[in-house]
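Please go over the structures that come below.
Next, two complexes with chain A in common: one pairs it with chain B, the other with chain C.
So, the complex of A and B:
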């Protein structure tokens, strides 16, 4: 593509030739021919963008607020010089450059390689993709340029931050809520042998007891003891209303941090953790333990976005058959805009579940972005307090989580309460 | 994976502005631009700086400041109270002949621009002080003596009077303005004629794109004015004594019989104009890029090495492209001869005679159209001959030989 400069030069050259012909002025014609010749000669040395790019990331998964080291290795595999090549690595706008630059101007000779290194800070959780690489090549005199993409992308997940909450749970005056990992004499995911049973379709092949099969001729599977005290259910409210506040501080953001921290805490204790995220629909991760489950939970939390308005009762009704008997249920929700909250929690508590509600104070989050008149604020706070008190009346442990309070401190409230 | 990603390293060489100003490639570009600017101006004065009738009294709008200054001097000498121009002739070049008319003003301009560039590197406070000082001095020099003598005159004569038109000549203080005004007029004349050089030098060394554009613009305006004023239609109406370029192109006797002598200076001027433009703008473009890089990149050897690559290739291409543009233009203007020779193969036919006749007429459409056809053919050669691959192959070979020798 011709640049503006080339167009001006070309048009100027042709105009000079034409005016020179009209005026019988050969100096104009010579200038005009020279300008056009300059363009013609430069058209021989336009660059190219046939380059090989390899992007290396310091990590595929990282936690919110961590730094990501990126390296682009750019090689010119062709026999031609690239001429002036501008390389721009497209970075998600949520990420901030901390050091270096995702842009470089190069002029690579045949077979030459160079590296672009930069560091990104990831202040927001989510599923991201770095790339593609935008390329613009031009000749040295900036007459012809061409833009193109190298469709090379690197995916990464930014998990919500995981806070240390163990101390907060340990330093309580009351006995521990859950006693920690001991094997239960019930079948389930675990390591210790529990019993043998007949194979049923759907059982994984790896648990088939081949020796028993050889002996009896029947497919027999090994069952393991369940390696957990209990199943912990975490319900995260990701409805549209949970976006109230700033991008970095809103009920959903702090809620994901709380859910991740709780999951980490319980999985470390070898408990089984289930996660349910409800927005316009319900996403449910069955209870399980181990690193794989931890990764699944973090990945799921990384991808939550505020949308929809699913009522809590619809969630508890849908999950009622999956809740283990007497298992604790953590509900992380601002408890705004949902009239079914009280009946849902009443039902859960009635079925013998330990219900802990971690409720980021949406009124206070809203105050971070907009000015609320004092009277309105007082009224809203009072309404909220009444709601929380009503929920506590049904046996739920309620934590009113203020924006400036750390998670570990907020969780202490449930122990003290 | 994390171990594969190294952090940016730091080399000895950096891309800081202070270092860039002393970098040989940047200096080479700036010196190339400066030399091409000076050469272009001198070449322009040789081509457009003469009148038809040269004697001490004639003036013409040629690109020669000494003509205007001489005319002004003669006018002042003829006044009842003879005056002279304040800047001496040895400094303005008046009285010299040939290129000698321009060397001294060019030298003075270079010194002033160097001072201005050095001032540009100082702190904003010092720059402001010097600027205010120069402005204050200029104003004081212009009106200081006039105002002081006028006020003192009024105080001592206990009378309010105008500083001009008085019977008592001692009360005509306005005469004190004449000397400074003559100096400013002289400076204005010099600035007007040397505008491409002054603006160009300020652009190259002061890293200003707009000043380089001004230099190019003023050059084109001078050339356009000369073309207009030497146009036959204008010349027949107004007698300006301006020496016009010959209307017809003579025989090709220069550059090994490739170009006519009338074309050589024009071709060189156009080439120098392009070299000045490309070197001047490139310097600013590259320094701007390096300046905008974050601190960590300025120290990164990869960035430094690629920056060197860009500059080296630019310098190589400036030489190569200038040579080929000159050659292609010369060949293009000679292309009609080749066509005539080709057509003469079919001598005897009516068609060949017609073509030959039209092309043989110098400065007709034939020469230029054939030149343009040749240039288009050259541009199209890129689809036939893979120039970038050939040059890449040569480059790779040179690199291999160099590596082997090391």
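So, the complex of A and C:
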């Protein structure tokens, strides 16, 4: 591409030649030809962008607010100099440059290598990709520039922050809520021996106690204790309305932090955690425990985006067969714009689930971006209070989560119900 | 070398770079087709003739060789006669136009007459070119215009002449050895400019003989002149008989000649326009263009051809009777093939230099006439036959088909360049174009933006401000108050709806709120705020 300088030089050269011809001024024509010749010669000796780039990241997965260290190693494998070479690593706009620069201007000789180092802060969860690398090379006189890309990308996931909620007053009526995975004194699939009993048709052969059979002549089978853990269900509202507020502070953002923190808490306690995210459709992760499940939950939460308007009752109806009996259900929702909230929670509570509603106050989030008239704000708050009171009336434990309140503090506020 | 797979090619075609490459290829293909279509009209080789640089029988290489042998520079103009303006010594220059085969390309121009804008130019040359040629003659240059049915009309108009554009048949002077297309133009004295001027042979240095001793002035006292002494008049010297030809007359052989319009080629001393060569009285112009000689009564019968005599060779001089040797001259002959090799170079024809001919033309004076006018134009009158070092003969090739590949395209481009730097209307347009180009570059041509990372997540948010007004209405507040009352009292919607007003008043137990519930009126802002405060505190008691 011609730069402005080259364009003016070219147009000036041609103009001088033409005007020189008009005025029969030889000197003018010589100047014009010199300009054009200068351009022509420089167009043949431009640099090149034939370079090799390797990007190294300090981590592929990190938590919201963490720093990411990036290093680019740039090598010129060609036998020519690159001339003026600009290298720019395309970083998502959602990431903040904390130190260093993702840009460098170099003139690499044959075989030379250089490095670009910079640190990014990731204030917003999500799935991101760093790259491609933009390259622009110019000739020595900055007359021509060419742009190209090195399609080298590095993917990373920024998980929502995980808060410490150990001290929070989170309770479940199920006995294993507090102790993690322990054996129940009831028979079932498990690892620990429970008792012996007589064989009944249908029992697998592998549980037959052959020694007892040899001793007694009767088929006796080993019964194991059921490894029962609490199944915790977390329902995250990712509907379009949940983006009320700023990008960093809105019901969905704080909701994902809450969901991740709860999941972390319960998985550490060796409970099984299931995650359901509903927006325009329902995404469900079956209850499970362990690091793998934890990673799945965090990855899923990293990718949620506000969209759609799926009603809560449709979610609870769809999941009714999957809910374990009596297991606690966390609903993280601003409870805005959904007329089915009350009947859905009434049904859940009616089926014996402990329903804990963590409701970020959308009206207060909205105040961060809109100047809500005082009267309207108070009325909106009253209406929200009515809604929460009604839900508490059905036995749900409701937490009205204000934007400036920490999650652990909010969880301590469970007082309704 | 790895052969790309079909799917790989398909993927590449679907990629942005592939699409861009395909789009670019199609663009350049279309551009190439357009260009080749336009250029093709110029690339197509057609029969080349009357070119000073061609060696064929119908070219003029023999004439050019004669001039070169006399030590005169020969060159050509392939772009436009506008370049004649640049010639520094027009007095030493002869411009030869032989056959104008192409019309001009030009822009509309403002004119000084009532039409204001002249959309169509004259034939052959643009007005600027004709002005350039005319100025060239005014500055002392010599032009030779040989044309019959071509585009010389525009140039002839400038000198007060009119080409008839019809073929001339002369029943008296056609050449029976060849055919009726060959006509002799017999001129007894080529220097009788007017009926009153008498013979003005002194205007031509080759036959200027002031003392009438039969020896030209520049050879006075020389018995056997050398080639140097003969100079530009060497063609009149017969080395075998050692005699110098002093004949002022010419027998010119023409091929398919035309003639000037009768009314426009009369002797006109005021305009210094001198018709010198005429057809016979029995010559006819094929005015009905039937290709035949159709004789009528004095040419007045409808459908008959016009009868002669017609002027066929006209000389124009800037000075009266061409007395001033330094003044400009213009020679017009109504035959474009007067100097073609097959007629001009009879010796070459006989020796087979131009191929085999069924019939060979007779010896004629075309060569002597042509070289006489060259001598008249370029030879100094200082008593010897020397010529200026700047002497040159320029052939106009700008209106001829070119034999070389892309020659015509090159000529066209060169013509456009010369035209746009010499014609004032074109110059004006070009200035405008350059101005617009510079404006465009300065305004539109931007250097690539410097790359900079922009962190941009904090500047947008989302809220629903449309509902605020709705939530400020009394009815909405009333509805919220009633819902609050219903929730606090743990009533279902049905139970609450069935509740008598008295019971509701008891439940509310606040006169202000009861009034608010039951009274339907407009509230001021202050009243509304007071009511909301009461609702907030209600139920906590």
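Some notes on this structure:
Methods note: the second predicted complex is superposed on the first by the 342 of 417 C-alpha atoms of A that agree within 3 Å, B and C clash if a C-alpha of one lies under 4 Å from a C-alpha of the other, contacts with A are read in each partner's own complex, and residues count from 1 in each chain.
Here is the rule we go by: a contact is a pair of C-beta atoms (placed from the backbone, for glycine too) under 8 Å apart; a residue touches a chain by one contact, two chains touch by 3 or more.
Values in this document were obtained by computation on a predicted structure and should not be read as measured data.
Partners chain B and chain C fit side by side in the overlay (superposition on chain A).
By the touch criterion stated above, A:3 is placed in contact with chain C alone, chain B being left untouched. In the superposition on chain A, A:83 contacts chain B only, with no contact to chain C. In the overlay built on the shared chain, the residue A:24 is in contact with chain B and with chain C.
Legend: residue contacts after superposition of the two complexes on their common chain; A:114 is shown touching chain B, with no touch to chain C. Of the two partner chains, neither chain B nor chain C is touched by A:413. In the superposition on chain A, A:96 contacts chain C only, with no contact to chain B. Contacts of A:123 after superposition on the shared chain: chain C is touched, whereas chain B is not. Once the two complexes are overlaid on the shared chain, A:39 sits against chain B while remaining clear of chain C.
Once both complexes are placed on a shared chain A, the shortest Cα to Cα gap between chain B and chain C comes to 5 Å. Looking at chain A, you'll find residues 21, 24, 97 touch chain B in one structure and chain C in the other.
Taken in their complex, chain A has these residues touching chain B: 17, 20-21, 23-31, 33-48, 56-60, 69-71, 78-81, 83-84, 97, 99-101, 104-111, 114-119, 139-142.
Listing the residues of chain A that touch chain C in their complex gives 1-5, 7-8, 11, 14-15, 18-19, 21-22, 24, 86, 88, 91, 93-97, 102-103, 123-124, 134, 136, 145, 147, 243-248, 250, 366, 368-370, 372-376, 378-380, 382-383, 385-386, 389-390, 393.
Against chain A, the residues of chain C that register as touching in their complex are 86, 417-418, 420-422, 427, 430, 434, 437-438, 441-442, 445-448, 451-458, 460-465, 467-469, 471-472, 476-477, 480-481, 483-484, 487-488, 490, 525, 528-529, 532, 535-536.
Contacts from chain B toward chain A in the complex involve residues 1-2, 4-8, 223, 227, 231-232, 245, 247, 249, 262-263, 266-267, 269-271, 274, 278, 282, 285, 289, 293-294, 296-297, 300, 302-303, 305-307, 309-310, 313-314, 317-318, 321, 324-325, 328-329, 332-333, 363, 365, 367-368, 371-372, 375-376, 378-379, 381-382, 387-389, 391-393, 395-396, 399.
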